[in-house]
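Take a look at the structures listed below.
Note that subunit A is present in both complexes that follow, paired respectively with subunit B and with subunit C.
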Partner chain A sequence: MTVEAQAELVIDAAGETSDAVLSVRDLTTTFTAGGQRIEALRGIDLDLYPGRVSVLLGESGSGKSVTARSILRLYGASAIIGGSAVFEGRDLVGLNEKEMQPIRGSGIALVPQDPTGSLDPVRRVGAQIVEVLRLHGVVDSKKEAQARAEELLGLVGLPDPVRAARSFPHEMSGGMKQRVAIAIAICCNPTLLIADEPTTALDVTVQAQILDLFVELTSSIGSAMLMITHDVGVAKDLADHVSVMYAGRIVEQGATSTVLDDPVHPYTKALLAAVPTPDVPRGNLIPIIGQPPVSGMTLPGCSFAPRCPVAQSSCTELVPELVSVELGHSVACPVATEFGAA
Partner chain B sequence: MTRFLLRRLALTIPILIGVSIVMFITIKITPGDPVASLLGPTGSPEARVALTEKLGLDRPLIVQYAKWFGNILQGDAGISIARQTGALGLVWDAMQNTLVLAGFAAILAMVVGVTIGLTAAVYPDSVLARVVSGFSLFAISVPQYSLALISIVYLAANLGWFPTGGMNDPSGEGGLGDLLHHLWLPGIASALVPLGIIARMVRSAMIDALNEDYIEALRSRGLPRSTVTRHAFHNAIPGILTIAGLQAGYLLGGVVFVETVFSWPGMGLLIFQSISQRDLPVIQAGVLLSALAFVLINLVVDTIQASIDPRLRR
Partner chain C sequence: MNSRTSQLEADQTIDLRLDNPDDGSGSATQDSAAREPSQPAARRRKMTLTTRVSAVLTFALFAVAILAPIVAPYEPDIGDRSQRLLPLFSGSHVLGTDGQGRDILSRIIWGARPSLLAGVVPVLVAALVGTALGLVAGRGSRRVHSVIMRVLDVFYAFPAVLLAIAIAAALGSGISNAIVALSFILIPPVARVAEAEVSRVRSTDFMEAAAVSGAGWWSISIRHVLPNVAPAIVVYCTALVGLSIVYAAGLGFLGLGIAPPTAEWGLMVNDLRQYTFSQPGIAVVPAVVITIASLLFNLLGDGLRDWLDIRSEAQ
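Our next item is the complex of A and B:
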């Protein structure tokens, strides 16, 4: 990490949001279905900076994808969203569908998890890029849009862009489709690129190529990137900044080196201990005992308390706040921070 | 695409042969005797034997079929027993009249069915959607003939808004206006069931399409709702066409009731009369022509589908 990036993290820790492209504060998302309320997000704070890769790390159901979809306001009336998400001076939480449309794809772009599910199966790939280019007024003519689409397909590493533009999605492999999805996402030079587990549906051999492509493109167009993953390895390789999520809250966040090399929160520690690395033999992996709370179940106090090895009786009483433990590194666990358990 | 078409065309031949065999056997094993119905109760035993021989009905079934099949290949469907004219000409004229009625009903069912099905899918919580669901259920459930009879009694006989039957006004000068005037009641009566089925199919196909993953991806690119709906509809068309094609095929054969009630001089009325008269050549030619029309409609549907959905071109 560069000195400048470190310096920005200092600002980050102090709550300064002036140069952040997206500033999320106390974001909550509650789904109501059949009289039942499910609190999927319980107060997320997040700052994303241009040219930097931030990773949201967590298990399935921890609320990573909900965070992305809540920021983009992709949920209908069944979701109640609270808090704020200030993007280029406007709070997205207060915008209506009509006001969100020009921001989606142009200001904030999303690369979904499953490339097969992100493309219209009956439209040619080129036409799907042209549609977005024309919609956001990036190009003046249809001809220019076509040329730009082919250029983008080449940029994301497809060997024969002209042929690729004329192909239908089912004629492509998963990796190729994900490259197309990336081409669509970057076609309007978005200020923020959100990638929701972009490599989960791909073969291991293709995963590394796609991740490299992301890093390359993010730095070349200078956009901020939010990468959602459950893969600690991906976070280590790519991220400048990591936020660890558990049960709809961020439990620890900071520079990648501090959070993943020197974790403080018991959940982050347990998560890292459960991941195989070349130095740790497989037999020494330690699973996290128990299950994450069922969605919809609201626990008083810390959600991780029932599974936590250092939990005390006070943990089930108060919801722990994120507290700064060092510059640019905050942890939501009074037990770990008070006793310096790191 | 050309190969796809050629293969589908070649497939229709065994289908038609199969239909003709099943039809031939069905007619033979059902009770009733064409000789008796031709000669009447007063016919002498000698006359019966002579007529049976003349019609070739004393030969084995397979020989009868082979002879009939050979003639059909030469475009000869035999002579109508009851009307003493060429069966093919009779059936062809009737088919044209049926195509007018079934075509009108099919267009009505498609246009109205797709419109209300789309509305119900895109605005699922609206009052309109509920009215539409109720109406399509009503359309499917009410028997055609009861609605046909009720409309004749009230709209045609009592109010005099429409003619009670037939295809043209014998005293009038004819023309398209006159035809349309005669078409409304039988057309609507025939269209209701397919309309209801199409509306419900369109609704569920659209709801499925709108729940696909790529819909959220399209929304995440900033596409407005109307464009997203267009994408979904494009994807739903093949499924909708399958049902619409089947319904159009059923309309061809299924207007029997309506044609009978409204004395529409079409295929349904002709086959209905021919069955009661045991007029075998006409029944055989009629069923074969209906089957051919059914197969052709489905071929057209498959071709349109393949041109819309690239994944089906195999």
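Our next item is the complex of A and C:
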């Protein structure tokens, strides 16, 4: 039922119908470790549209990164992936490693969380961009690739691209390295750009610059963007669309303005109440009592029920479905939606 | 030294210019101004004196071996009956003469050729094969890993020297057979080092980043794994040359290396050992040379490890 809601949302927010670049339906990811099954994702629905920024918001361990990695099929044989993730007409869940390779980097690119670890320490930055360009046959000659690499480094805001291309990663600061990582991600003009907490490893001042760069690039190359973050502020600033995750499920989903300004799900409400803002004096933050469920533990009903202030006995019996509460805004909480809590 | 210093200074001036907030790159960012790239030359730490000395001496050793016809004062295989068993520092024969009156210095110089050959070639072969095995084991499936590493363990079950002797004896004497035997026994340790290094690199983020960029198995192996594991293997193999020289001399000593009239260090030890009591000075010469040569490669390997240590620099 969320499919219609999503379709309406596009008309609503973008003012025109456009086909989703990536349509994720009921995506599940299960790890088996030492005979134990860990359900990391329990049915994710997500649609990403070109030129728009979607944010996956949630605390650590809620399954944000797992979602991105499952879409890119990075787990290999270590995870069982179910559901579907249709990207440009092909279901990624059914593809094998060989079929995934041309899609990674060229169709879907990932900006890593930690740029320091993600760049090969013994190879020059320029060579690492050239490698990806040549891999996907974007350029014809080595010379052209080199020129394109330098152009990209300039595009992501490095002051001396020629010199940067000749540098080794350890000669750069964290912010510079993240810019290089972004250059690598956008070098083949990907249709979908996934950024996995791209600013957590950076200073606060640099964070803002990198995030601005993302918004600029997304609109200029017209790709869809999926930003993964635990930072409500980042989501508020950048996102067109927000999906709030909790324990491997999306609990609330919709346009940023509706979800973050007018949350319906008790978890989203609690999350926002726990975020410090300049207006609220210190000490007035409300923590969420309790701990998120331990990975591997599956609760029979709503995963948030044990910590939920409005939980009822029925909450622990049935897994709540995402239900549309208004145009392009769906919530997985029967209690909140039934009583129209706002 | 001077050129390095001036390069350093040049870097600093460039850095200063870029650090200046008034430079033209307005939209450029604070973060990028903070730490500008410097020339690779500037990041290299200095080689220690020991490393430099051993590098120079190793180079000299190879030069002497190559230039043997020019450097050697006498013919190595032709003796002078009247000049038998001269002690060290006796006139024109600096290192004395052996039982057939052959100049020991000349024989050491000519003997460097087969001895270094048997030291270097097996290590090169083992480096190629061992790295390939380590790469496949380190990046392959669990089953491939088990098969390769367990087979290598079988080789470890035998003492390396005994195994080399057994292989060389089975193949027959001769320098090429000695080289084959040594190559065989050096493969397992190189493969183990390569496998350990590949395993270390395998779990790094940039390996996954390469996969995320759409790189395949071969592409990742050659462009990312090999450059990252190469320094460790090069360092290990440099030290291994020292060991290989000792093993080769051992095979020569036992008559499993080169045939007698030709000079070879191990053979010379065997030949001169009968004069241990009558002429102890000359008896130890080839042994001392073997020790020095082996030590040089070990010191060079150690020094290179400290010098090339890219991992600690990257942090």
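Brief remarks on what is shown
By our rule, the second predicted complex is superposed on the first by the 325 of 342 C-alpha atoms of A that agree within 3 Å, B and C clash if a C-alpha of one lies under 4 Å from a C-alpha of the other, contacts with A are read in each partner's own complex, and residues count from 1 in each chain.
To be clear about the criterion, a contact is a pair of C-beta atoms (placed from the backbone, for glycine too) under 8 Å apart; a residue touches a chain by one contact, two chains touch by 3 or more.
A quick note: this is a predicted structure, and the numbers were derived from the prediction, not measured.
In the model built by aligning both structures on subunit A, subunit B clashes with subunit C. Once chain A of one complex is fitted onto chain A of the other, the partner contacts of A:136 extend to both subunit B and subunit C.
Counting residues of subunit A touched by each partner, subunit B versus subunit C, the larger count belongs to C. When the two complexes are overlaid on their common chain A, residue A:31 makes contact with neither subunit B nor subunit C. Judged by the touch definition given at the top, the superposed model places A:205 against subunit C, while subunit B stays out of reach. Contacts of A:112 after superposition: both subunit B and subunit C are touched. In the superposition on chain A, A:170 makes contact with both subunit B and subunit C. Put simply, subunit A uses residues 72, 74, 101-106, 109-110, 112, 114, 117-123, 131-132, 135-136, 168, 170, 181, 184 to touch subunit B in one complex and subunit C in the other.
Subunit B meets subunit A in the complex at residues 212-214, 216-225, 227, 231, 234-235, 308-311. Residues 18, 23, 25, 27-38, 40, 43, 204-206, 208-216, 219, 223-224, 227-228, 231, 310-311, 313-315 of subunit C touch subunit A in their complex. Remark: subunit A residues 69, 72, 74, 97, 101-106, 109-110, 112, 114, 116-123, 131-132, 135-136, 168, 170, 181, 184 touch subunit B in the complex. Interface residues of subunit A, counted against subunit C in their complex, comprise 72, 74, 98, 101-106, 109-110, 112, 114, 117-123, 131-132, 135-136, 157-160, 163-164, 166-176, 179, 181, 184, 202-203, 205-206, 209.
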